[in-house]
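Labels run A, B, C and D following the written order; every chain starts at residue 1.
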Amino acid sequence: MRRQVRIGLIGTGKMARAHGHAYLTAARFFQLPVEPRLAVVCGSRERAETLARAFGWEETATDWRCVVERADLDLIDVCTPTGSHGEIAAAAVGAGRAVLCEKPLASSGQQAEAVVRAAASAGVLGAVVFNYRYVPAIRQARDLIAAGRLGDLRHLEFHFLQDWLTDEARPMSWRLRAAQGGGVVLDLGSHLVDLVQHLVGPVGRVAAIVGRSIGERADEQGEPQPVDVEDHFQALVEVAGVPGTLAASRVASGDRCSFGFQIHGSRGSLRWDFQRLNDLELYLEDEPALQGWRRISVTRPGAHPWAEAWWGAGHGLGYEETFVHLMAAVLRRLGGEEAEIPTLEEGLRCQRVLDAMVAAARGRTWAAV
Amino acid sequence: MRRQVRIGLIGTGKMARAHGHAYLTAARFFQLPVEPRLAVVCGSRERAETLARAFGWEETATDWRCVVERADLDLIDVCTPTGSHGEIAAAAVGAGRAVLCEKPLASSGQQAEAVVRAAASAGVLGAVVFNYRYVPAIRQARDLIAAGRLGDLRHLEFHFLQDWLTDEARPMSWRLRAAQGGGVVLDLGSHLVDLVQHLVGPVGRVAAIVGRSIGERADEQGEPQPVDVEDHFQALVEVAGVPGTLAASRVASGDRCSFGFQIHGSRGSLRWDFQRLNDLELYLEDEPALQGWRRISVTRPGAHPWAEAWWGAGHGLGYEETFVHLMAAVLRRLGGEEAEIPTLEEGLRCQRVLDAMVAAARGRTWAAV
Amino acid sequence: MRRQVRIGLIGTGKMARAHGHAYLTAARFFQLPVEPRLAVVCGSRERAETLARAFGWEETATDWRCVVERADLDLIDVCTPTGSHGEIAAAAVGAGRAVLCEKPLASSGQQAEAVVRAAASAGVLGAVVFNYRYVPAIRQARDLIAAGRLGDLRHLEFHFLQDWLTDEARPMSWRLRAAQGGGVVLDLGSHLVDLVQHLVGPVGRVAAIVGRSIGERADEQGEPQPVDVEDHFQALVEVAGVPGTLAASRVASGDRCSFGFQIHGSRGSLRWDFQRLNDLELYLEDEPALQGWRRISVTRPGAHPWAEAWWGAGHGLGYEETFVHLMAAVLRRLGGEEAEIPTLEEGLRCQRVLDAMVAAARGRTWAAV
Amino acid sequence: MRRQVRIGLIGTGKMARAHGHAYLTAARFFQLPVEPRLAVVCGSRERAETLARAFGWEETATDWRCVVERADLDLIDVCTPTGSHGEIAAAAVGAGRAVLCEKPLASSGQQAEAVVRAAASAGVLGAVVFNYRYVPAIRQARDLIAAGRLGDLRHLEFHFLQDWLTDEARPMSWRLRAAQGGGVVLDLGSHLVDLVQHLVGPVGRVAAIVGRSIGERADEQGEPQPVDVEDHFQALVEVAGVPGTLAASRVASGDRCSFGFQIHGSRGSLRWDFQRLNDLELYLEDEPALQGWRRISVTRPGAHPWAEAWWGAGHGLGYEETFVHLMAAVLRRLGGEEAEIPTLEEGLRCQRVLDAMVAAARGRTWAAV
């Protein structure tokens, strides 16, 4: 019988559902060395109990500080609003727990560094939920770049455009409060920067414009409240010597969730967008008369490491499988197997780029990372 | 505490996994009046046990005849190769069990009719896994047509193109044997015809060409075996008076799984393809200078009946959620709630069109349904 | 100094403009063995004079019978409504003139055959304006098929969808009168069938539905007039043994002018649509992990026979250049050079398919060509 | 009889062909108040004579200084390599000639200013060939923005990606020599910046990276020569207060000529790309359940000012018609009619942005325009 990994989940929002579902699904579709147990979910009583009933969490709790201290837990999963990620993650690793933290790892490089140090000194495993790395097409993109199929990279363009804030009637939420780490830079910027760094390399310098289009929204009582976070940014970056642009927005009217990129190289180029997450577009400098951007359906057995588990060629996966693949990797690591996970160090490196971006925008200057 | 629905699953292939996962996921993401219990899975011993371990089926069995007789089961789920659907489904409803049968309901209209009659006389619920009806964009398409947004329909085009048989090295399987109901007409044709009838209405007459491109494949021992089923068809149809074409193939090189349609009407038109399953393309005769095909991301809360349960605007669902939505509907029905399901009668009506198509192709003539 | 080819143009509509422009442009962008002279344009006086002024036609005429008899003319260009094509073309070749006739060559196979016979007995050159053959991407498509890059063809789908008749307020015109050869079968069907036969081979048998959605329209005085031609058809065909579907429409709401096809073969597949006329989509069974539909921008010098004359990679051509390329080929032939042109025999072969389609639809049966 | 406008063309390259063709075609398809006469073409003797024969230029010349002084000419058309634009244009307007100058107007803001001043003091008409303004879809885009259909603009992204320099075997040319004004900033940057300013407003500040990927190419003798111009840039801009990114490249492997943009506003958004030049993509905050990016085929009579002259709905125009529309506007102005043309002042404003971009890149700083 397989060893159990007992999980304590902090948080009760959408991500808490995505994570809980992913642990259970991973155990069902993949041969894992350990069995995940949904031990305890922590949040406000009512929400925690609802979640426990639906997903089968064995216990509920309301104080995360107690949860992270529990010696019977093997993994603390942090799904709270961004503002508390750093503190909870640091406490968890400090208490000797392995931790899986929703992105971004913290609200600043300084906070993130504290987590990294605490984990290193405790010698525990830590990972950040950069789940888009686990899209099959992204995996293939990275493999192609690593194998040199694109040659020398020439320039790149990455974007993460959403439009849920276009509607001015949309109420206040923690995602619109700086104190809770709610802005676009931490939210979408962290995914964007991680993906750039995952695929291409470290961001070296950055210039940016960070802006807020809508400065006030009604709270739940209908009272107007100030919005103190940005809702879009545009940036110029140098990534491992390669120039490029980044853009993120929550007011990109028409783009519900367009997370994507283009990377051009001397021997080929790549494009991807989350709107067609199962496809990778590739251009190769092959037979001259037949050169063209090709759209690869990254769904066939053989095409990516998770294909055998799923439905067959052309049967696309959705957003939630990115979590399933990530959770499977984390569980493998906790079971002593090899598996690539997004590390705390990578979470920190991401954070430093975000800090530099904000500093550059404020100072109307370039900033080195 | 909710009443339980005890499920007996016949079959251990990919669909058995999709169904098992769907019951569990439906119970987690939707508020259902009953709780699904994975009571028994039936198939060859080894495969059944593997499945039981991964998904938590409480028991295994090897003889489906015993399973369908068990009075402690509330629902028999038929996931076997097509050739046995009709027999198992008829036996199950005959024994007073509700049944959920993978498509097509049977291998011929005659067989399908037997199931329908048996279910009617037993007074039990029956449903067919026409899961594509549960794609959010398909639901919206049907609503738009029903609301008259397209006006009078003018013509239509439906296709289901796959290419997994392009590779001649691909070995024999039950899907290539007529005795097991393995051809394209029953496999893809059933989805195609159901979707046409679901969206537009009854197919009235049909002319067709049915063909086989590759007549021999190696079995598991490497011995050449004759393939006795078709691998593509093209058809001309009249659907509720609307002319159109159908096409299906397993040798459509380049199209991994392109299931889609176009419907043109006097006031608007629709297009959809499974390759972008979350999107619906709509054209309306609206503001003249701005008319154009629009791509709707059918993912927003409010856009479809399942949106609240999932991830938010622009976060697409995958193939497996079609089963989740269907299983949720079946469970609701078993729990006494209203919910639309694909009925056995609809399964029969589909079968009659497929029979007519084959007859028309053989006779080189038009055939009425 | 180059020999002149003196042209007599019958007709003053849009096509008369397209043809006149094409002769002049061909002479400017291509090295031709002869010089086209716009000698005489024939039609109602006012329209002919307007056209003469704009394009530099040296003379005008009002009686086409006189024009085709003129011994000083080298080429008669027939741009009249379809109903008179056959008569004028037959008279022209009968009088010993070379002829370039707008498609279709006639209103029936019988008429078309008369033209072919007259041309053969006079020993003069004849050509039909199947201008889409001169789209660079179509030329590449044909070359790829001819070179066997697709392997054995499996099935095909061709369509020509327009929507200009969706608007019921649109008035009567010759294109809506059977007596003038105005229906969809002759208009769009001729292009469709020629392209199928040009790329794949002779159509062997056909079944079809031919329909009319709107039966009455106002004439110029606002009086309702019956429309006695079809506005759409759907057909099932066998083309050189390959099964396929055809569809054409003038009421395909949303599709302004979607002329396109898909051809699937054992080693590769092709797609094209006039909406992106400079692109060809190709799928090849190449490197397994990287297989995908590729979009070739057929614009580079080297990619097609006319590229050097134009603007460079990625700078697309438009509709009118199809005529320029065709006129250049006709002028080359008249100057004694080799050049491929759509022959009268091909025009006849197309006509016979159209006749068979109408007969099949009326008889609700298959018809052999 | 209409007054003639006698044109002197300086230059014999591709643009000389495009311009000559455009004058003739404009006169044929549009009702213009003046008649263009191709009076003299100036360049090396052989090339000028070839062009004269093909297009009907009445005379040839070899010294542009003599040509611009000729009192019998009404319009000097400058089609030389970029490095000489400013000098020739200044001389032409100084001599009292109207001038139409290929983009960019000069190699620097200082030079461009000299042209503007000379034209103002001579009181003659001047225009710059920002031909993309004359794409029908661009015209509609501008009208929609001007009419407020997008609401407040939130952010933008403009790019002009080519890949003709990806091939390292491609030889040296004037486009790779700084002395002749050959780099990407002047070439593609001028189109890019003009389009941004034409659609949105003045660029206020800029940060940029300007780079060169390939530093050496063979000349016609096969001798390696240094390339001293950039082949790509990325920039961050503020345009009338709206943040955005710009990118241009000649080494964007796979993108033959992708000139395009996205503009997001509070009430709607726009996208366009030259690869589908006849289409405009529009998103509007309209009926919530049906919102989606729509693709408008900007080809219908009524949709744009030039539609009546051409071929009808869905029949796309090509690159060369942009020149036809521009030349028609210039000829109208010379004939005393109203018509919008790209002015010398706009050419100058564009140049200043390009100068600022280069300064910003060199200084690794933001630069104000």
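The rule we apply is simple: a contact is a pair of C-beta atoms (placed from the backbone, for glycine too) under 8 Å apart; a residue touches a chain by one contact, two chains touch by 3 or more.
No experiment lies behind these values; they were computed from the predicted model shown.
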item: Interface with more contacting C-beta pairs, comparing A-C to B-C; value: B-C
item: Centroid-based (C-alpha) most distant chain relative to subunit C; value: A
item: Chain centre separation (subunit B, subunit C; CA means) in Å; value: 42
item: Whole-Å gap separating subunit C and subunit D, where each centre is the average of the chain's CA atoms; value: 34
item: Distance between the centres, which are taken as Cα means, of subunit C and subunit A, whole angstrom; value: 54
item: For subunit B, residues contacting two or more additional chains; value: 255, 291-293, 297, 300
item: Residues on subunit B engaged by subunit C in the complex (per definition of touch); value: 150, 152, 154-155, 157, 159, 161, 166, 207-209, 211, 213, 232, 234-236, 238, 243-245, 247, 249, 251-255, 264-269, 283, 285, 291-293, 364-366
item: Subunit D residues touching subunit B - in the complex, by the definition given at the top; value: 140, 279-282, 284, 288-297, 302-303
item: Subunit A to subunit B touching residues, read off their complex; value: 14, 17-18, 20-21, 24-25, 27-29, 54-55, 162-164, 255-258, 274-277, 279, 297, 299-300, 311-321
